[in-house]
């Protein structure tokens, strides 16, 4: 536990990571409180007032159907962020066990599993995600699954690498000698040591998943209308960019800042637990 | 070197088999009747649908379909588009050069901007350049490139009217126009390339520059420039070449968005269109060629890596 | 120089200028031969075989290559084409008198034998996509070299206008026999232009047919169709001078194009109108008050203004104003959400109901559907939008009959009978719920059986009345056909089909 406190202190010392955490905290708060805080309903149309710029009534302007941009931004956070988190959750749930098994058991199983992982990684991320998302059809859940599948290899490799290193450690050998089953060794001794890198990867993964989901929605393969999502809103706003540039700028900046924040936080956590690796970036 | 080459090539075979079967099975996940994709809003009879199913062989067992598909692919036959009837290989052949050109331009841009930036940053650790470079790298990785592209279009094409917003002009038709049309897409795509290159090179260069053998070179009195170029750069390039694999993959992903925004008729956009059109022979072909291209580039960079660093060859 | 001299000089200059101007103005009226028209189209032609093809986007490519038996003017009235005249000696017989001296691009003469070959091919279910349009034709007889007699199973007035479309496109029999399956890529017709080159995915080049039967026509040397699916790219291609003509200009860009000095932007009515197709087999859509409520809850004027920036017209009847079958006395549904709610209560649904609606996944379609969804939501009708690509949507909604509604555009047909039968007859493909209103079917059948235009007009007007009374249609608006071109393009006329026809087009100053 002392290690945790030490890590926390190291984390707090990095300004960028702190800034990122603050931003995310505010964002998540805003997203959760969206129904209470938003000035309008995100689906409420005001056709007479479409494509108007920032004004006292609409702080960030209105979109092409007269809906309030600020409200859609807040609600969009729920959807986009939620999708990203769940996608990473899927990747974690799928990738970690694969990595554990491959790294621990080694040999043929490792070989076979890694070959499949290699094949998955050979596909450019967006192309694979697009194909899977299209195959499954539009909708939030399908996008999450697609992005999750694409990101699974990252976790699998990470965990495998950690496990390979840990496998030879004396405490593992002694645990085996004491009669513990494979499962027990994995759960009790290996896994806890892998947690930190997994957490780092989760943070970075959410950034990746967010960018992927928004790109898919932008291209029209993602979340279906009229649900507010940062990606679809940028896509729709693009067609009216000449008349209303804020429609692209607002959600796009939100995506950028959020992805940046998650990356910075992830880097911060990594540095907090292992300052020697700080230069990797 | 020969044995290394052979080993590497052999290792690719199972990868190819897995990848091709994944591409094949992916398409089978598509719901909806692909036979209908040909017809559209007009009335069509059941007989016509059945005839199309027969022609496409959609009724045979999966393994047979995969095997015959693979055989056809090996012969260079990727089928015909369900939409236009155009042979898939023809469509790919027309569109691949555009994506290739764009990717090369973006990579060149990334190197031309990223390498000097990284060198400047690494030379003075903790200095202003270093902070700026790391900031740029962080930004480049987090920026959604559809946003960046849109912003560039907004400012440079719509407001300032310096460059055209969309479209593609073949360099054979008009070199000047072609260049103008490619500038914004290259910038957009190149931004992430710059970020990657800067990030990787800066850290590896930093390590190398701090290393003992470089200190020795400096102590020997060599000029700073020579120190960097002759001693530090070569070993520092190794991780960059390794990163080439990841970069290529990411770059190819990004071309889908960039080609979409700028309406360039390239391979990335072909992937998107065939997804949206449910044109599954085209999708299979486009995805396959794209993945193969990435695998080939990775292989080449692996080989290059082995060439640069003798330790890898015999390790 | 002195004052009077200066005045004389000035007057002389003015006079010369005036003369020059009038010469050039006169010049501007007379068509000039030569030049290549570059037109940007949204979709690529699927096949140049008019009988096999089924896509509505093919027509722009087909019209220049294949002349039709009957031509249509801008208002879609029938005009003589390859058939100079036609008559019906009795209601079940149609006699076509063919034009003489017409040759196909490969030199084959056009005659009654060729017509018979073509009609047989169009009726062949194995090949043809529109054999249903000629279902009333029992047999085709060659009376003499330039006369064809069609014997019909029942009187069918829709045939004449059907012959302005694919069914009437004449292909060269020798070419078909020689080329077989390849005909779709290397077509041979009798139109003003012949196919020169087809670069798949990129462009199609058509060249002037020197032996066209009308002397001096066509004016252009060639037409090049560039395939540019993206609307923004089409617009910037026109602006930068890469193309001379574009179709389907996005509504939000139209005003901008209109203001440009060296461009001309045209806005015209079309037969195509946006509507919500209903599957009346899905409850509660079979109840008339429900359909009335849906119509009353739509604020069509606002939709017109916001979705397409006012570039169109609200519809009252299945045919737009200016079309011969239109009913000018019919008024569009009023916007009355209170009455809509009352109608729903009358139908026993005071809290409204839920339904799903299919649409195309593109942003324009989504935007329109969302606006409709919001307006219906305001009276308690909860719409679940289901965007899916067109083919899948057609399959699910029209064939599979799985969903309640579809928000698509009715693209219009050459003959009104084809439209109303398809949408409002209980057996119509576009009436998946099979809603049956016997009165409407009676009127339809009568209108098809008579060849007199005035009678048909009257009957179709009555059809429109009944359709509105029974709330069979949820029509929204006609989106005007928006096209833009360089000012050098002369002689172009928009038509009600909304599909560009380049007959009579010439280029100035090229």
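Per-chain residue numbering starts at 1, and chain names A, B and C are given in the order in which the chains are listed.
Following the convention adopted for this analysis, a residue touches a chain if its C-beta (ideal position, glycine included) is under 8 Å from a C-beta of that chain, and two chains touch if they have at least 3 such contacts.
As the structure is a prediction and not an experimental result, all values here were calculated from the model.
Contacts between chains leave no pair untouched here, as each chain touches all the others. Interface comparison, A-B versus B-C: the pair with the greater number of contacting C-beta pairs is A-B.
Here the chain at the heart of the structure, going by C-alpha means, is B. Chain A and chain C have Cα centroids lying 48 Å from one another.
Our note on geometry: chain A versus chain B, Cα centroid distance of 22 Å, whole angstroms. Separating the CA-averaged centres of chain B and chain C is a span of 42 Å.
For chain C, the set of residues touching two or more other chains reads 232, 361.
Contact with two or more other chains is made by residues 220, 235, 242 of chain A. Chain contacts: chain B has residues 276, 278 touching two or more partner chains.
On the chain A side of its complex with chain B, the touching residues are 115-116, 118-127, 130-132, 134-137, 207, 211, 214-215, 218-221, 234-235, 238, 241-242, 245, 248-249, 252-253, 255-256, 259-260, 263-264, 279-281.
Taken together, the chain A residues at the contact with chain C in this complex read 43-45, 47-48, 50, 64-66, 138, 220, 224-226, 235-236, 239-240, 242-243. If you check the complex, the residues on chain B that touch chain C are 32-33, 36-45, 47-48, 83-86, 90-91, 94-95, 164-167, 169, 263, 265, 276-278. The touching residues of chain C, counted against chain A in their complex, run 232, 250, 252-253, 256, 299, 302-303, 305-306, 361-364, 366-367, 369-371, 373-374, 385-388. Within the complex formed with chain B, the chain C residues making contact are 44, 46-47, 54-56, 125, 129-130, 132, 184, 200-202, 228, 230, 232-233, 236-237, 240, 242, 361, 389-392, 394-395, 399, 408, 411, 429.
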